[in-house]
Structures are given as C-alpha cells and as structure tokens.
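Some structures are shown below for you to check.
In what follows, chain A forms one complex with chain B and a second complex with chain C.
Moving on to the complex of A and B:
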C-alpha cells in the first residue's frame, strides 16, 4: 500500500489542542452549533479555471456592447465556442417568471450555458430522471444567486497562485493570513468552540483543501466516508484486530498531553479514530434509509454527484441525531476545467458541456435529496461554486487560455436568487495587455465583485459570524490589507445584494 | 486518395504483453497500420481526420476504454483503478499538451476505480499540426505520441496488473495543400500559429501559467504584450529597444532573440534549448516588424 492509498484510507488531518471526552456535553460546542444555526456550507470548486464567459453569457447588447464583443471573441464554426441565442442547444435566458436576468450595469440579457440545465445525453434526458433541469431549474425556483465578475486585485494566471488567493482570501500576501484558509479561520475562531480533536470540516478529496487550513481544530479529508477505516491485519493474528486498534488509539491519546508536534500527532490520531467511529456508520445509515435517493446518484453516474452524496450522508447522520457528527463545512471538487483545447461550445458531446452538465445535474439531485429529508434542510444548506479564474476572452483554435474574473454561484433554498454584481467588460479596447478583463473597484461602471465580499457575506449573513470578527485585526478572517483606500475592506463590504431590488444575498 | 470512407471505430491495445494489455486501450475512428499502435492520416482524409478538411492539421478522434474484453482469453481486468495520460498536467512540463489534458479530463470523468468492463470515455480530439508551411508551399508530416499508464484493481492471489500503452498519431500533408494564405488569416495570424503556438506559448515558457520574463505569447494576448512594450531584459531596455519596435526589426528584441543576433547581456537565443526556428520563419517575423507589425492583413513577402 503506497502513501497515497494509506492516506486516502485513513484520512489526512490538520490538528490542534485539547482532547475532551463527552463532546456535546461541552457548552462551548453546543453554543457554537446554535450560533451558526444548524446551517451547512459546501465549497464546490470548478478546478482548472472555468470559462465564465461561456457559463453566464450575454444574449444581447442591452445598452452596451456585451453580445457584440462576445461574438467577436468567441467564434462560430468548427472549433468555435460561441453559444447561440437560438437554434439547437441555445442559451437559457435568466429572465424567467418572477426573476430579473439582466446585467445590472449594461442591461444585457444574460443566459445560462445549456449544459448547466443538467441534460446529459444518454443519462439524464427525461423529466423523471434524477438531476433533470440542473442548475437552471434551481435558478427558476429562486435558489441561485449568480454573482458576476468575481476576482481579486492583480489577478494571477497561475493555477496555484490564483487558488492560493481564493483559499486564503489574501490577495496581497499579508503574512498573518498566508498559511490559513478563510473557512479554516472560521472553524478555528475561539468563539466557534471547536477543540483540536473535533472535526467540523470534511473534504471529499485526497488532502485538506487550502481554504480549510488552520491549526486549532481538525478537518478530515477522504474520498468517501466509508474510507475512514484502518487497513485490516489479515495475518495469522487477525483475531486481535480490535485490541491492536485500541492500543494504537491509546498511543495517540497519550501524546495529547505532550508538547508541540507530539500533541499535534496525538490530536490528529485521536480525531482520525473519531472519524473511524462515526463516518462509516453514517454512510451505512444513509444507504439503508435513503436507498432510492442513493440510487439516483448512481444512475447519474457523475463524480460530483457521488461526492455530494457523501455530503448528504454526513448531514443526514447529524440530522438523524448522531451528535458525534459535527461537520457542517464541506469541500467538493469538480476538476477538468482547464480547457486549453477541445473545449466545445454548444455540442452536448463537448468537454465544457459535460462538465457543466455534471455540475448542474449533481446540484439539482443533491438539493432534491435534501428537500426530501425534511426539516427544511434544502433551506439550511448553501453551496458556493467557485473557480480559481475564468478564461481568456478571445478563444484560441478550440479552447481558451487562463483568464481573470468570472462568476460564482451561491446555491440553496436560503438564498435570495438573482443576479448580483456586474458582468466584466469584454470589449477588446478595454482588456488588459494579456487579453483578460480588468479588476475594478470604486465607482467604476464595471466594478468587479471582490472574492472577499462573497466570503464575508457568507460568513456574516449565512454562518452568523459577527461582522466585526471578519475584519478584526487580531483574529480576522479577511483582514484589512495595505491596498489603496478604495480596496480596503470594511464591514459594509460584506453585504452583497441582489441587483434588481437590493435584497440581501440570504433570506432572513 | 479515397474520398469518403466511413469512420469505423478501431480498438488499439497500445503494446506490451497481451496478458496485461486490457486494463486500458485506445478506441479511435481510424484504423491503425497492420494491427500496430500507429495511425497515419493524410490531412483532410475523412476516414481519419475528424475535421474532414485540408487545413494543415489532422484531428484524430480518440477514446480511452478501461477493462477491455476484446482479447478476454489473454487478459481480463477486474476493473481499472487508475489511468494516467502522460504530459497532461499544466505544471511546467515542456511536453505538456492541452489535447492530452483534455483526454485526461475525460478519464477523470469516468470516476475510477470502476469495475465495469469496456468502460469508455467520450471522444476527445488530438490535433496533430503539420510542420510548415515552408518555402515552396510545402509542409512536412508531424507526429504526436500519446502514452497512458493504467493500473487495475487487485486480482485475488495475483495483485494488480499494470498496462503501459502508446498510440502514435502521424499527420502527412495532402498534395499541393500547404498554402499559407488558406491556412492563416494574415501575417500575424501565421506568426501566432506557426511560431508562438508551436515554439513559445508552451508550458513552462511563455504560457499563461508561467509567463517567463513577464511575456505571454498565447492567442489573444501576444501582440499587445510585444508591440511597443519595453523588455524586462535590462540591457535591451537600456538600448531603448522594445520587444517589437514597429518598423524596425533591428531594435526589436523578439527578432534578435529568434535570429540569435544577440550582444552582451541580451540573454539566450529563443526558443531556449530548442532547435533554432527555420530561417524562413525568422524572415517572416522580420518582414512583419519592418512593415509596422500590423494585427491583420498580409505583409508582402510573407504569403508563401
């Protein structure tokens, strides 16, 4: 068994302080769970750089030139990426009954990539299929905020650098924030009350993601909840497996009272054992109680759907009264968005279409599953969909190279659905020298949405973190930095609102 | 040339011992030569070139199939645990190829490990551009080599099977077809396609991930990063040169770098540690700069 396999079996953990028995007898933890209101947050990354310009697409010029500029940059014909307003596989307008789907700055009608409607030829085609209707169905139900033009100052075209900024919410490299993630700092906040062996965060991937990094509490990473098992000793002495495990657990527990790295090792081990106690059972519970919904994820056969099923399992166990499940923050990856070539436009067999179809159908089935669980769960779970950058405005032969600002989606029944923020200016005369859209703040017509505004709004409005704590210089999760005055962050920034009527991002 | 043979899916095991050759195979729309791992295609031949047009490149349609049953008596895979396409990671690998990356994305979409037999990705296109055009409207054939490494799920008592495969995709020019004015929209488009895309905007060099010397030479970005822009090479900047000085190739660092005509402090010839560009291409760059480095249109002397 190689290292990667071992880690994916046992989970990879970050760790911290005290080990305490009787977890939920601890008033601090109880208080923390009450403060965030039994709400859940899923961070879903479109890894590789999603082509935002072919995700939320101008359908006309409105009072500006967005559609004309789009058609100049995105070609028709073989290898062309242009998404059409009509004809086969057209864009789906965002303007539907009761929802305004125009860009607030230019007035251009916006359309959604047809693949996001969750139709996967051969898999999801009929209205009874799991995931049918995809993200557009969730949009039409008022559960999606399309947050346009998201980015950060001095965008970076390197995957790693751009991911680092999205993870740390720290574009200017303030050293105090450089080694922790924006969600990690939220979990580690003393007022959150999580100890070193508590596991408030779960990542469904091989290692803890950057936005969860911190050193006060544990975040577990595994591909599946059922992976939280120790490899079994299949030797002649297998009958004493239980005793061996107990001995290893005791070894870890003993380290927790020792200093420095010993304690970290002990806490990580203890948290891992806690995961082994809780998560395989959570998985079985879901599979037993919700077999039909589970089969829906299998029927779709989509990786993101299967990952979201793991989130559903953890939530279901906790909502079923298993107080040992503390996780409320999750991370799911949908990779493959680095579409330098062969991206595909409106062709259902194309690469970008397949990725978007996977995203849309998976989210739809996940929220249908949550709604069916009851307890208003579909209104208590929010999914933030993001990508490290968008892509070059002008396409190359058959794909797109790295770009700058792009849309994020905030999805859930607690969201006031609608368009938030401006579409970037894609006129060739306004592009930066590398052919990408520019980041702007202040009173500019094409003002960008800073990614810190999105995070801050989520923390304040959704997770109930006091606004002052978000920018507090000592414990702040998104601290003031040394940027120019109009790029400094204040509490007022953490209040994104729907463009058409100024409604807050989340319903009360 | 046979004009319109219908495309037939062919399974290519990709080489190696037959007993291990089923964990991963290639499925193409073109027949390989005599049961081997090489496909040779003439530009525009609808039997193998998926774009079906004479356009200076061949587009091969390739799928990867896990746990193939095509030779089940020799090799039976209990399922694929992992399939890795070589040079598919945009991390500075000088042999990184976006088409291989697109294929790896499709493999990732299979969500391995899976136990199903004959589990195939959707089709990806691997485009092999011809070398050229060179003087006399001639092109030369070109080849890409696609490599995969696959590992099966464990077989009780045996362990895992590893299967390394190769698919060689060759494109040869159609007769009298390599005419620059039909392959490109203008002189700068030709420089982008024939110089920057092939020799400069590569992973680890002047691509969006790396931007060596702050210079990005991908489509949509290259010209505005060159024309009238001061180079980061101090010695060149001190001389008052630009990356491209419209109308004057002699004070354009781009031309000096490509021609190798460099003085002290001006760094290495480009492309770095690769064969120098054919003199004809360097000449086209010179003509383009001396004509004012226009974004569109054909500069006299660059059409062939």
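Moving on to the complex of A and C:
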C-alpha cells in the first residue's frame, strides 16, 4: 500500500481556511485510491452478548427439529421470549423473492427478529421514514450475509474473556497475539505503510476498542468528529493560541523516544492534533451538504445511528478529495445486550426490540445515505456486526444468561447476500452440561463458523490483504494454530461462501 | 532500594501523598520532613484514618456524582476515598441499571466504612447490598429460574479472577457460577425498607432439585478432573452448615479458602496485584520498549511477583484479610516508589484523580447547584468527567473502568484539554488566582516554568526539550508577573499547558 500522506501541515489557525468551501463544494471527487481498493470497513458490536437465538430464528423444523427445540426453550406467556411465526409482530422470513432463507444443514426456514425492521413506535413507522425497513430491507435487497453459528473453540461465558477472543482472534491465548487486535494488526503491518501517528482507524467511543489495539500506528477515539478541537482562551488572547498550540504539540512530540506510557501518550496526543486539522472541517462539510440525511440519524435513538453518521462524515470528506482523511476502518457500538432479565420478545416496548430496532434502522439509513452520495459508496462499505457471545438456549424467567455461538451479519452492497453457515444445534440432548450449544468443526452436520474464518475472509477478500500475510505465523493477523487438526488454519479457511449456491461472500 | 525504615525525602513524601490521596499538601510534607518520618511511619499515619460516614445523596445521577466529587475535594483522608474508588471500581455497580439514588448512595457509604477492614466481611456485605442485588440480578434469581449473573461476576471479578497469576483456571466456568446461583436463590430486597431479605420459599434445596446434585463449589469438571482450588475432585460443600440463608456466607468463606497452584490463597494474590496496579503502576514496558509485564501480568520471578508475595506475607493478608495492613505494606514497598526513578513505571492518572487533584492544587471551586468549573466552558464537573470517560457511581459495566492505556486515547485527551482550559480560564468567583500560586517577583522564564512545574508536581518529569518548549511559550527576556495582563494571559496559559502536558497525565 502506498502510504497516504497528509497535505503539509499548515497549522491549526489556518486549517479552517484550507478546508474551506472552495475545496469541498465540488461534487464527490474520488481521491487517490488506497491499496485496499478504496474500501471501508465498519466493526459494529452488539455489546453485552446478543441473543442470537432470538435474532435469527427457526420458523419450522425442516428436516430436523430446530423450531420444536426453540419452542421448548423459549416460552410463551408473561416473561416468555418466544417469537411467533404468525400473529402480531411475527418473525420476518428470510425466504423472500430471489433469496433462500433456509438453514443449510436442517433446511429449516429462518426468520429475523421483527424489531430489526427498524420499527420505533411513534418515530419510524412507515415507508419514507428514515431507516424504515431496517436490516430486513437490506436483506431483501441482497446486501446482508447472515453468518450463523459464529464462535471459537469451546466458548467462554465471561464477557471480558469472550470479547478478548473476538478482539484478538486468539482463542488459545498465544501471548504474541494477546495485546493486539485483529484489525489493529492489519493497520499496523509494515506493508500498510502507516506511521505511529497516522490515523487509519477511528473509533466512535471513549477509548480505542480491543480489535483496533496495536502499538505501531494511531487509532483515534472520539465520540464525535467535531470533538477534535483545541479549546481556546478568550478572544482577547487569540493571538496567543498559535504559541500555545506550538508548545503543547512540542510536549507530545518529545515523547517519541521515551519508555512505557510516555510514548503511548505522545503518539496519542500527536495523532489527536492531526485529527484537529482534519475532522471538525469534515463534520461541517457533511452537515452543510447533507443536512437532510444528517437529520435522519437523529431518529434512531441516541447511539448507533449517530455514531454511523460520524462514519458517514469521515467517508464523505475522504471521498470529497481530502487526502488527509486516512481513516478507512471504523468502530461503532450498540450497547445493552446483556439481557439477563426483562429481555422482551416480540414486544415493541421490550429491551431487545428497542436494541434491534435501533440497529436495523441505523444500518438502513446509513446505507441509503452512502448510496445517495454516489461513487458506488454503498458497495464500497462493509459493516461487520458481531457480539461477544450469544445467550443461553433455555430462557430464565424473563431473560437469558450467557451463551455460546451466535450469528454475525456482514452488510453492504458489495456482499453476496444470503445464509452462510449452520444454525447451532439447540436440541436439549445435544447441549453442553451448562445448557449452551457446542462449537464444532470438521464434517459435523452442525459445524460452527469459526470467527477467524469470518475475519480472514474480510481481510483477504474485502481489504485485499494477501492471504499469506494474514496467517503468517510470526506477524500474521490470524494465528495458524498448531492445535488439533480442526484448528489448523489454512488460506482455504478464508473463503466463506453462501450456502445455497457457493457464491463467495463478496461480489467481484 | 529501601523499606519501611527508609526516611522520606521530599520527592518520596509528595509521591506517597499524591498516590494515596489527591495532591500533596506541602504542610504535611514539611511536617513529615521536620520529624524525619520513615516510609513506615508515614504509611501508618495514612492508613490509620477513621473511616468517614459520608453518603452521597441527590435526585439524579448527576447530583450524586457531584456530591461525591465535592466531598473528594474536602475529605479528611485522601486514602479513605482512594480506597472507596478502588472498591467502587472492583465491585462496579452502575446507577444506569440500578436506577435508585438512595440504594446507590448507601452502597457507597458501605464501601467507605468497610474499605480498609476485613475483606471477607466486605465481600459478605457486597453480596447482600441492595444496589448490587439489583445490578447483577440477585433479585431475579430463584430456585425455579436460576440467574447466574452474580455468581459469575463474584468469582471472576470480585474474588478469584478466571485464572491465577500463572494462567491456571480457578474454577469451572460451567458449574461454579450456577452453584453460586443456587446459594443466592431467595435473596432479594424488602420493597418498603430497601433492606436485604431472604425468602425461604424461593430458595433452592437439594431435596427439591435432586437433579442439580449436591451443593458444592470447585469440584471436578471435564477440564479439571482434580477439581479446583485445592479442594479435591469432590469440591467443597456450602450446605455443610445447613441449607438456607447462611449459604452465601459459606460460599464466601470457601472462595477465600481457595488456593492457587502454588498453594497461596488465590484471592490474596489477586487483591494485592490489583492494589499494586492501583497505587503503583500496571504495565511495564522498559526503556527498550520490551513488555516486562509489570503488575498487569506479573511473570514468575519478576520484581512485581516478588513484591506481591512480600506484601502478603508481611501483612498476614492471606490469613487475617485486613485490607489496611495490606495497603500499608504496599505503601512502604520499593515497587510503590519505583516510578520516581524509572519513568517506565508510571501510571496514567484516573480522570477523577486528574480533576480533583487539579481543582485542589489550584484552589478552584465548583460553583452552583450543578457544580460548574467556573472557566470559559462553564460546564458541570459531571460533564467534564463524562467526557473524560469516568462518571463515578456509573461505571460502564460490571468490569469497572479500563485503566492505564485506555485513559490516553484521543477522546480522553481532548476532554482533559477541555477541563484544563476551563480551569486556566477560571477568572470569575471561585476561579484560579495565579498570582497567589506563583511568586510574582520571578522574572526569568525558566524560573517561572520551574515554579509552575513544581506546583503541579511534574518538575522532575519534564525533559530538557519539554522545559525549553514551555520557556519558549513565555518568550525571550524577563517576564513581569506584576503586570496583570501578563499574568492573565501568559501565566494562566503556562499553567494550562502544564495541565495538558503528557507529564501531568501520569503519576
């Protein structure tokens, strides 16, 4: 990858003038293409452990017993979480025109939680409302791969440990991979060409997320792009601003050869100053050019939609020709999935519905926004939706305890939509002693999807990282484990395919 | 190298006060030096505080939060409050889920009173703390519908940790949280008084649920045929004193009897490790950039591992479980003072420490009902700490806050810059009076930089290059600190720069 360079820094006071309307009022102009094919990746976490069994749900038994097993585990009535095939707020079938929505192993028809259609009572209810149709509309348009049964060898019921495996892609706890994330390693590999204060990744949260962690390049975290500003003194002393900024930049730059936390602070500070030059203007540009789209995100709730708007702003600035915007990998959160109690089933007032409605509507509006920007952007952005674990097969009185494998979504116009991988076996006779589904590999009927296969497919087929680099035992993003035969990863693993016809995960 | 008989010098005394409280009072430092106090004598003085009775109150999270912050500014014992913060992070309970100001305030008071006492008693108190019972679903847990939330976090976060210091699993992930759920079934809250209550009718008994097997902890499972914690394959029974309300205390006692692969009580090592991380430093990356683990992952044979075992044995913590005695041994240990000489053994200040220490040191008051920092932004201290990523009484999850590296991301830095700006521009009532903080007869830019760096405790940490950058900000030639405009512009600006500097983010 050729290193993308910032325009020469012109200092904080003149940055606004440089990024003025002259540069940005042009219609979208594609900047120089980066080696990842000018593609973007968003990691969107459903934090707390999303109940996968109530997200992608068997609607019948097919040749097996998935629906019967589901109804035995998820109850009707008060506190019951069972999602019905018909009646009020029924499951949304995955089998729609042109798409096969069956579980490849059992043939059971699958449905989506009705909240994922993005229905927020009183806010998003009808066609034309931003985000209406949600994830199900994106599915019906062929833009969603539902990757079932995602997990890692065995499983871990601790939020922290399960997150750590998803972040590091390191289920065996290999120490060389323990402190960096799979995406962080990708951004930091020398061939990517980013330096210690370049910002190829942006996280819209208080701190850099685990999958972005590394020590070679900067990933910036902020809640909003407009937060990247240096607070100033009163206007009477504005002549002092440049001197202050020069001094503080020097203090952070001075840490590059000091040990431990000094250097970490120094790099974070210097990267932050760079972001100040770029991102507030990017935010203003988007708000000026795309006010109506911006307003739509405010209807999605307080979290995910507004964070995706920040992603849209960064992409819009980069696509408008601001080469100083290097970010192409983003992290967005949707929190609150740890539904031990009062989870709610198909009730629009319930917790799980609200979470799913926010997720579904936000994703739909985001891709509508991208499509409207032109330049095939809706086909150049992929969102990976994941959660640290699913939840217990059998519900408790009103919620669900921690579980094992669950579905991931790969969303975007570049995706060959469809079902990938098998639904876990939820028959009570097949569960582990703690009531969770088992991780399986090899030729098992209920073979699971290893999370490393998902990451590997994204890295190789979406971001264009050479497969050999992905699994290099010394520096690779993913580990070629020397465990049992089932865990010996090869390049062939990084090729998830749609079940019904064997199409690759991404369109050419 | 030193020990408890080492006599404190000024740097060490300030370090001890800053790390065990909020800022270093020169009055205390002077007294200690005058009497030639040793590390041990000073630590004894600090640890011997009488736990305060303060209980934060208010009608919203913001009011509760600000009440505690205001108390931190005036608390008699900084160490008392540091320990409350430590345990608050350890037994993290979020207002966001509990939703009850009274119960959250009461829990904070419980931690304050018990923070340096017997740790077994502390865990027993947390087990039946109403805010915790709501937060981790003990109130939803019953014999018919077991809820494992509390049992899992009690083992993973409050006591043992999932693995010991050598990476060996401490308990059965599948069986032990479920077993604890059985012991805790029936516990809940009395709706009128808000007090904990045990209801026998909701409690799981072996007779009613023979298929759940005997009530044991740490027995064998598929992954460990010999069981866990040194109790053998049969584990330890928590119904050995009869079934019912007493089971949760038996569970706690068994957990504290759990021993790691070296035969050392597992809770003792983990608690000492975490207290060292809190008071001294976490990760340690040496001058060559090599990760040496530090207290974040103390390797066998490392200085940190030795330090952990030394403070346990000197304090008798593994038998008496007195937190104060353990903290005392940490505060006299070389590892606690290591950051004074080794810049790699520094720790990132928690946002609450950064904010409170700054306000105290510079004499800035919080104004009005919403406790505003009286500078240009005129924002509530709650808003500032929320931006920095640490709203006390509302930790992001049961894991508490991520320490160290997580505090130095761009969001957190930007928020610290913003707080610093509001402090250095605090010119109105309650604001900063720079002319009272720095000797106004100074004229040499270098001497002024040194005075401000000394005031804020970073003089030894600034490199020559950093000092030069700050001197350069003041400009060439003498500075007239008797000129109000110079003070208002440049001296305030200089204080702001030091507050925003890398050195001031560390301690």
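Here is the rule we go by: the second predicted complex is superposed on the first by the 447 of 508 C-alpha atoms of A that agree within 3 Å, B and C clash if a C-alpha of one lies under 4 Å from a C-alpha of the other, contacts with A are read in each partner's own complex, and residues count from 1 in each chain.
Basically, a residue touches a chain if its C-beta (ideal position, glycine included) is under 8 Å from a C-beta of that chain, and two chains touch if they have at least 3 such contacts.
Here the structure is a predicted model, which is why all the values come from computation and not from measurement.
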Contacts for A:271 in the overlay, against chain B (first) and chain C (second): which applies, first, second, both or neither? second
Would you sort A:393 into first (chain B), second (chain C), both or neither based on which partner it touches? first
With both complexes superposed on chain A, which partner does A:339 reach: first (chain B), second (chain C), both or neither? first
One more residue to check, A:185. First (chain B), second (chain C), both or neither? neither
Touched partner set for A:351, first chain B, second chain C, both or neither: first
Is chain A touched at more residues by chain B or by chain C? C
Looking at the overlay, what does A:306 touch: chain B (first), chain C (second), both, or neither? first
Using the superposition on chain A described above, determine whether A:498 touches chain B (first), chain C (second), both, or neither. neither
Please indicate which partner A:254 is in contact with in the superposed arrangement: first for chain B, second for chain C, both, or neither. second
Give one of first, second, both or neither to describe whether A:78 is in contact with chain B, with chain C, with both, or with none. first
Residues of chain A that lie at the interface with chain B and also at the interface with chain C: 157-159, 340-341, 396-399, 401-402, 433-434
Touch list for chain A against partner chain C, complex: 156-161, 173, 179, 203, 205-208, 220-223, 227-234, 237, 240, 243-244, 246-248, 250-252, 254-255, 258-266, 268-269, 271-272, 275, 340-341, 396-399, 401-402, 432-434
Chain B partner contacts - residues on chain A that touch it in the complex: 73, 78, 157-159, 301-303, 306, 335-336, 338-342, 349, 351, 354-355, 358, 392-399, 401-402, 433-436
State the interface residues of chain C toward chain A in the complex, per the touch definition above. 137, 140, 142, 144-149, 152, 156, 162, 167, 173-175, 177-178, 283-289, 291, 343-348, 376-377, 389, 397-399, 402, 404-414, 417-418, 420-422, 424-425, 463, 465-466, 469-470, 472-473, 489-490, 492-493, 496-497, 500-503, 505-506
Any idea which chain B residues touch chain A in the complex? 51, 53, 90, 98-99, 101-102, 105-106, 108-109, 111, 122-125, 127, 197, 207-211, 216, 218-221, 224-225, 229
